[in-house]
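Dropping the structures in below, format is structure tokens.
Note that subunit A is present in both complexes that follow, paired respectively with subunit B and with subunit C.
Up next, the complex of A and B:
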């Protein structure tokens, strides 16, 4: 038993340092890149991987390694900004619904049900179709649907905690609603939320990359992993490196965050593993 | 002793679960006098706890009127807040009364912080005093609830309850999660505290022998209905079939 516990801890340490490494790359990728990711050089277009260009070059002769390193920033910051918005909105509304119950709860949850009926990617495409393609619109469309998951999760957790004696005990000792939510409910809900958020980083990155691939998220000159896949589409057979490397980094980052989420769950919530 | 502190008039509580009506309490009338110890007995599911939660103003009854010191209680958060300190409730399961992620010291400081009773330094001295009253010392302050035993936790709950200097305490099966020896210690302690602090106690239990020994009057509930309210001494004389049944069950 002890062995398993230690193994989980080791896994978390390794995976979080890997995830931390990815974030560092995202922050400082610009300085690590051997070339300017925006520098166009037609003489070098579609070069296969070589010593000078480790991951090859794209159709405009831009260095793919540099573009991946710089693209990490927009890929990750997009994911994290969206995650923060979703978790914040979802948890807040979930807390309100679970604590207040009654009318507010019904209205919020039926609204969430309606939103859940939309397939998220198709909804994002529809929003992009109506409001025009753009980063903000896409993030807005996905966030509009994804907060519901956190709201529902939080509400379920809150309503099970609300029945516990220590909430009544807190009320009896004079705690006001805000204090009860902040000091009694939130600390008991937060670990679960954290686990789900970590597990969601992966699927969010894939969704965003998918939408970029469809040309709905990024503006062309800026490097972004999903958009790099989109650009490589025409050269799938003649220059496969254009697609392989961005695809690989997406795959690796998603795996790292998913495994991290899994081991966090094993650590924080041993009952469910 | 003859001065009523709390009274219920024609109180009913109905729970609606999936459009199925469940009458937990049916037309209960009850007066609690200042300084007495009232026992409430009955089977599991007879509405004892429901009644306890109404008396401690945690739940609002679906019907009937509730008076505390002659004033009618409106069950809204704002109107209850001023008298919250005066009516307290002690739980059956001491462990569940603690948030698992909070240290004991935080738990005990809570009333002082919430009601702004006094500055922290003074509060700590008072906490020490109340802990001594319930037979504990400060060594438990920096522990988490799971590091203490059920008996210790129940004492801590009592200490916090006392720190609010309440007038009425509802003890809902407060000893049933504890073994017989600890049970006896806690009961003796409650009796002592009741005299020292001039408390009025409502003692909910399914154990007739405890109630008979501990309480001045006993109210018997059966399936949400109030059967009788007797002096504990007269208890043995009662001829009600359910009370007979209860008495047989002990013997």
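Up next, the complex of A and C:
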């Protein structure tokens, strides 16, 4: 058993450094890019991959590699902003619902039911579509649905520990509700939430990129991976490299975060895997 | 049983009201004006007086609640309004495109079920052997690949390079093959994984150990004992993925230019055709909620224990 545990730890270290590497690229991609991602040069239009342009160029002669490196910033920052909003809102409301019970709990959970009873992609497409294309609208649309998942998860986790002795002891000794939640409940529910959040990063990236692939999220000319795929569709016959590389980086990022989530689950919650 | 169904039908109405009202509210927040869109989508530029009168006619000067009640009243009588963009009624437009989407979604789901149930059982039986690792490795790719990219790659390989299929998919069986693969492949991965987990959980229970010690064959144990017990988790999974599938059709139909409501809604959003968007949301909600009602009833009939554990479901 010990061997397996060590292997999981090693896996987590490797995968988190890979994930960290991706985040570094997202932060400093601008400086790594060999060309200006926005520079238009019609003489270089639709060049296949070469030594000068490793991933080729698009219709306006912009370097694909540079656009991918700079696009990492918007793809990742959107995903993480959304994740933070969802987890924060969901966990806070879940904690309140699970701790207080009663009316608040009932109203919150019925509201979550309504939202959960609805296909998220469809709702996001509708909201983003109605409010008009834009990064903020897309994040808002997806966040509106996904916080419910964390609210329900947190609530279930909280209810499962509410009757344990240490909580009752804390209540008896006169600790304030905020203190009980912060010091006793949160540390107990946090690992589960971390696992779910890490596992969700991948699907969030795919959903966001999917919406911007439909032309609902990004404002050109700022590069973003999903939108680059959207642009590539009409040049499929003449410039397939335009669609291969942006998709490949999405795939690789999603795989890294999914693997990381899986290993975290193996480590923190062995009975679930 | 009866009281359960009545309760479920009530919650269904509640959900439909909630979803439609929410969409209404969002439409109200929209920066663009319905009256203006009505003219623009017909290629006219209205004067400010015409806009004012049209707004009055459309009832846009009234508060949201009042308009919602009016819309609801009309919807109850089977009138979801008229599309700005397509020029015909929303119901007509929907009923023309919906069958294609349902056909696509149903066939994709069938493929997923036919392939992933045997593979899920198989990987559970051969847990931690080479074949299990290999299939799980593949499922990992399948859940990580963005479906829109998969669709583009398939078009590039099979339509552009090999010329087997048309770039624009027809609604016949041949035209549906690539969209079906694009829709089903990402789902298959998560199905295989979850079925594997469900079967493994059953396999570790005492009754299986008992059956093994009684000398029953592995086949008998799986088919007669494990599968019926894992049935409810598999069917629940099916119900939940209907939403994923219907949402996925929007992206997949757009890539393949497939004539269904998925590509229609993306087009409608592009031209701000609010009545179509509303109608689409209502229909999707109805389909989704009904499928899940059927799923719950199926589970309920298969497993009377559900009656007790209904309260704390995640």
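In this section, the second predicted complex is superposed on the first by the 273 of 273 C-alpha atoms of A that agree within 3 Å, B and C clash if a C-alpha of one lies under 4 Å from a C-alpha of the other, contacts with A are read in each partner's own complex, and residues count from 1 in each chain.
The criterion applied here is as follows: a contact is a pair of C-beta atoms (placed from the backbone, for glycine too) under 8 Å apart; a residue touches a chain by one contact, two chains touch by 3 or more.
Just so it is clear, the model here is predicted, and its values are computed rather than measured.
Student: For A:187 in the superposed arrangement: first (subunit B), second (subunit C), both or neither?
Tutor: first
Student: Which partner does A:173 contact after superposing on A: first (subunit B), second (subunit C), both, neither?
Tutor: first
Student: Under the stated touch criterion, which partner chain does A:165 make contact with: subunit B (first), subunit C (second), both, or neither?
Tutor: first
Student: With the two structures laid over each other on chain A, which partner does A:222 touch: subunit B (first), subunit C (second), both, or neither?
Tutor: Once the two structures are laid over each other on A, A:222 reaches no partner at all.
Student: Based on the superposed arrangement, let me know which partner A:41 touches: subunit B (first), subunit C (second), both, or neither?
Tutor: neither
Student: Of the partners subunit B and subunit C, which touch A:16 in the superposed model: first, second, both, neither?
Tutor: Neither: A:16 stays clear of subunit B and subunit C.
Student: Let me test your reading of the model: by the given contact rule, A:92 touches which partner, first (subunit B), second (subunit C), both or neither?
Tutor: neither
Student: Mind listing the subunit C positions that touch subunit A in their complex?
Tutor: Residue positions touching the partner: 11, 14-15, 18-19, 22-23, 26-27, 29-32, 140-141, 143-149, 152-153, 155-156, 160, 242-244, 246-248, 250-251, 254-255, 265-266, 268-270, 272, 274, 277, 280-281, 284-285, 288-289, 292, 312, 314.
Student: Across the complex, what residues on subunit A touch subunit B?
Tutor: Residue list for subunit A touching subunit B: 164-166, 168-177, 179, 183-184, 187-188.
Student: Please name which positions on subunit A make contact with subunit C in the complex.
Tutor: 110-111, 113-115, 117-123, 125-132, 152-153, 156, 159, 202, 206, 209-210, 213-216, 226, 229, 232-233, 236-237, 240, 243-244, 247, 250-251, 254-255, 258-259
Student: Within their complex, state which residues of subunit B touch subunit A.
Tutor: 56, 58, 77, 81, 84-85, 88-89, 91, 93, 96-102, 110-111, 114-115, 157, 160, 164
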